[in-house]
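You will see two complexes here that share chain A, one where it goes with chain B and one where it goes with chain C.
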Partner chain A sequence: MKVYAGNFLKDVVAKLLDDGYRVYAPVKEKNYHVFKAVENADEVDFDYINTKKSPKDVTFPENEVLIKYGEWVEEIPAQADKTAIVGIRPCDIQGLRLMDRVFLEDITDPYYEAKRKNLLVVGYACNEAGDYCFCTSVGLSPFKSNYADIIVTDLGDKQVVEIQSEKGEVVASKFNLSDASDEDISRKKELEQKVLSSFVRSVNTENLKERMAEVFNSDYWKEVAENCVSCGTCTYLCPTCFCFDIFDDGELKGVRIRAWDSCQFPLHTLESSSHNPRREKWQRLRNRFYDKFYYMLVRKGEFYCVGCGRCIAGCPVGIDIAEVINNIPSEVKQ
Partner chain B sequence: MSSVFDEPMKNPYLPYKAEIVEIRDEVKGVRPIKTFKIRLIGRERFDYQSGQGCLVSVFGRGESWFTIANSPTRPDLEFSILKTGKVTTKLHEMEVGDVVGIRGPLGRGFPLEEWKGMNIITIGGGIGQTPLRSIYQYVIDNEKDYGDLTIVYGARTSRDLCYKDELFELKEQGYNVELSIDNQEPDWPYFVGFVPDNLKRIKPDPKDTIAITCGPPIMIKITLGVLKDLGFKEDQIYTTLERRMKCGIGKCGKCKLESIYVCRDGPVFRYDELSRLLEEA
Partner chain C sequence: MNSETLEKIKEECRKLPDDVSYIVGFVKKQGEPREVLKVLKPDEIDRLSYSPLSFNNPARIVMDLMKTDGKIAVIAKGCDARALKQLEKEEKIERNRLYIIGISCPGVIDYRKFRNAVKFRLPEIESVELVGDEVIVKANGEEQRIPFSEVIFENCLYCEQPTPKDYDVLIGEPREGKLDFSDIEEFEKLDREERWSYWMDVFSKCIRCHACRQVCPLCYCEECLVDPSNLAVSPMTPAEEKAAYPRVLGKTVSASDNMVYHLIRVLHHAGRCAGCGECERACPMELPLLKLERKLKKVVYEVFNYSPDEEIPFLSKLDILPEG
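What follows is the complex of A and B.
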């Protein structure tokens, strides 16, 4: 464990920009923060709990050209510049890991792979839980993630720098780091205790799969969906929602684009035969909860929820994933 | 599972160039069906299994998934396409020599190797006959490997039956082809009624038999009941599922049925794989 006497995160942004990286870092806009490609380290502001949107668009952009067509098809080479995300929270690092599992396992998605291979991940341990945070309920830690190349903990006057990969080592070697003292280590531990005690929300995941299997056909899901407007804000903000649509833009020549889609939209699954497997909004909303805590658990062996709480913060009608899961009835109401 | 995408591959979103070499009218009227014979340009046709599909590109309109309608033992790729959306409308306007894109073969096909030595009964309705045609052609071309073949097929009217000439010819050659239409028409010599009712009349013996059913969801549902009443076990029954599909490679999530990607894990399923799901497939 190393320490840096100063603001490592800010200095690493400057260094990476000098080295020709495209750097995504948190920028303050109005009263919130978002990840943006920055040109100067002074644009960056690390005083935030988490960003309004997850940085999933760094490897999976909202819109992306797959091929061009005209006389025939032109392949768009899957390539990417050296890119870094600096200041990503542990929940979003888990989001990135879960996205990697979707796009890189089985058949490799070449567009995603190109961006991912060239990505450096500098994580930022949390100093405080947000109002909607519940990462500890889904098995995550707010100050650790082995999946980052480097993870930084802010102690106020200095920052603890944990180097977790060769890629991270190469970058960290350009900084004047010293070994963490016993005092630094105990200050970090104290901070972690403080963070853990700042959580106000939790989700009961005990036997969740079995409990969800029991109540699949319960009217509970209709009640939960009563006020849902199928706007798709939840899936848009979710760091692990990966569904996309593909469409052609241009009649004789043009581009084939993929763009984020949402299982909350009725057209997502509508077939040309007029058959729609999830015609009703309560079926679509139920699908989101089951996908996060049941279907993806069956497919990948882990929850596809990282506990960031963005879907709670963003929902215009107050649907709260933590409450919805906690209130699953123990008996099937018909 | 054999698929071109299990080979070391290039970009799975990049279609092969192909041309339409033959177009046959199957059904005319307001919901027409045409069968397109398509040949890849500049490369050999890939190997595939009955039941697998391809995404056919009409550039400027998009891509649609179609199950391959002919057997891998026969040349080229055939797709029987109902005019119903913007891709299929354009396809119906296309002519021999026109160029399309093909991505495939996609998904999991029927385990025809596993079925060697078994009797095969296909039970189809309407355009659902497409994957079943690939099966019966394959079984006919490998006749010594399989037991008895029975083809049960029906449509609303005689005008809605696909592959009529081929089926009448097979019937003449002595194959067991059981056709039906929903209502009586003049000069219709075969069964009148729904496909599951015809199946009840035929009473296939479940012993050493694999039943494959494909058609409208309601027909599949009733057919499953009839097969179970006849003594078929869930692991003797196969079907294919229809879902909206875009990427075709198990990424985009459109065809997701619980933990299953229909485009990648299916579209072929053994019935016991579906009956254990929460949602009705």
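What follows is the complex of A and C.
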């Protein structure tokens, strides 16, 4: 465990920009923060709990050109520049890990793979939990993630720097780091205790798989969806929602684009026979909760919810994933 | 003040005609001070809640419930009633199946501003009351007073009809509104380039989640111009025909395509927008969508002298305009 006397995150942004990296870091918009490709370390602001949108678009952009066509089809080579994401929170690092499992396990997506291979991840341990945060309920830690190349904890006057990969080592070696003292370590532990005690929200995940298997046909889902407007906010803000659509833009000449799609849109499941297996909005909303806490648990062995709370903060009608999961009826009402 | 309003709402709900099957009202969200919309049965009156954080518009749910049988009672603020009126004019709602419990509305709180202003964590908050021009927040045996003007939803400042025009019973003393486009007039002073760069910046942030469209009670089209190949297909539709369907706008999210989306959306609200502000509240990227709606409203008012409160729809009024 190392320490850096100063703002390591900011200095690493400057260093990486100098080294020709494309750097994504949190930038303050009017009332919120978002990850943006920055040109200067001064644009960055690390005083935030979590960003409005998840940084999933770094490796999985909302629109991505797959091929160009005209008289001939011209394939776009899957390649990416050296890219870094600096200041990403542990929940979003888990989001990245879960996306990796979708795009790189079994069938490898070349476009995603190229971006991912060239990505350096500098994580940022949380200093406090937001009102909608519940990562501790889904088995995550707000200050640890083995999946980052480097993870930084801010102690105010200095930052603790944990190097977790060779890639991280290469970058960290360019900085003047000293070994963490016993005092630094105890200060870090103290901060972690403070962070843990700042959580105000939790999800009951006990026997969740069994509970969800039982209530699939319950009227509960209709009640939950009463208010739902079938927009894509929850899925577009979610760090682990990966559905996309592919379409051609241009008739004789144009591009084939991959674009985010949402299971909440009725057209998402409309088949060309005109049959729609999820015609009703309650079926679509139910799908989202099953996807996060059941289907992916069966397929990949883990929850596809990282507890960032963005879907709760963003929902226009106040649908709250934590509340929905906690209130799952214990007996099936038909 | 709102606890008083709530008591009156409950009282009126207990007196509802026997043929009312549903009450569309607000219930408190678990773990937070705000209210959410809920369809209640007449025997669930005790679950009702109401505060300046009851900001959603119930008109969309009322329209959904028209598919069922029975009468519907609805708790409606001035803007909500305006949306209901518009849907009635467009024959989406049968007025005789509706029982409107009107609320004379002092304005609602902007939840984003509220969350910034309040010093408590959300689950700790026990009550949020509007008393005079102060919002009193109680939590942990403590009290925080926030000036209402600091947290009011900006659009409410320009509300021309805070008291519903049409209701079966009204709660609270009628309030005067006024037609005020001062915010839009201020914006119009910017020159063309400034306005262009302002909107391009706004539209570049749009993620096209379509929350603004979905949440709007007046955006009820089943097929929308901006959805890809959304025209009805049947098992008999040949592939060539499907391929030839027009696509106005794909899922491309460039600032210019997003602009087309928003302009199409807003133009369809000409003379119809109730000004409830659901679009702007719903926008996860906090884009100033009401500026567009209000500009259009101003045009409709100035050019056609039409206000959505009139009894006839805007388009039918265009038919009876004198020539020239």
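Everything that follows uses one rule, which is that the second predicted complex is superposed on the first by the 334 of 334 C-alpha atoms of A that agree within 3 Å, B and C clash if a C-alpha of one lies under 4 Å from a C-alpha of the other, contacts with A are read in each partner's own complex, and residues count from 1 in each chain.
Just so it is clear, contacts are C-beta pairs under 8 Å (C-beta built on N, C-alpha and C of every residue); 3 or more make two chains touch, one makes a residue touch a chain.
Given the structure is predicted, the values throughout are model-derived calculations rather than measurements.
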### Query
Just chain B (first), just chain C (second), both, or neither: which does A:L252 touch?
first
### Message
With both complexes overlaid on chain A, does A:S272 touch chain B (first), chain C (second), both or neither?
### Response
both
### Query
A:A213 contacts which: chain B (first), chain C (second), both, neither?
first
### Query
Counting only touches as set out at the top, which of chain B and chain C does A:V170 meet: first, second, both, neither?
neither
### Message
By the touch definition at the top of the document, which applies to A:E226: first (chain B), second (chain C), both, or neither?
### Response
second
### Task
With the two complexes superposed on chain A, say which partner A:E62 touches: chain B (first), chain C (second), both, or neither.
second
### Task
Check the residue A:D261 against both partner chains and state whether it touches chain B (first), chain C (second), both, or neither.
both
#### Entry: Touched partner set for A:D106, first chain B, second chain C, both or neither
first
### Task
Tell me which partner A:L237 touches in the superposition: chain B (first), chain C (second), both or neither.
second
### Task
Once the two structures are superposed, pull the chain A residues common to the chain B and chain C interfaces.
245, 247, 261, 270, 272-273
### Message
Which stretch or stretches of chain A touch chain C in the complex?
### Response
29-32, 52-53, 62-63, 131, 200-201, 226-227, 229-233, 235-237, 245, 247, 249, 257, 259-262, 265, 267, 270, 272-274, 314, 316-318, 320, 323, 327
### Task
Flag every residue of chain C that touches chain A in the complex, lowest number first.
29-32, 34, 36-39, 56, 60-61, 112, 115-116, 121-124, 205, 207-211, 213-215, 227-228, 230, 232-235, 237, 242, 250-254, 278, 281-282, 284-286
### Residues of chain B that touch chain A when the two form their complex
5, 9, 11-15, 17, 59-64, 84-85, 88, 99, 101, 217, 242-244, 246-247, 249-254, 256-259, 264, 278-279
### Query
Within the complex, which stretch of chain A touches chain B?
66-67, 69, 72-73, 75, 78, 102-103, 106-107, 109-111, 213, 216-217, 242-248, 250-254, 256, 258, 261, 263, 268-273, 275, 277, 290-291, 294-296, 298-299
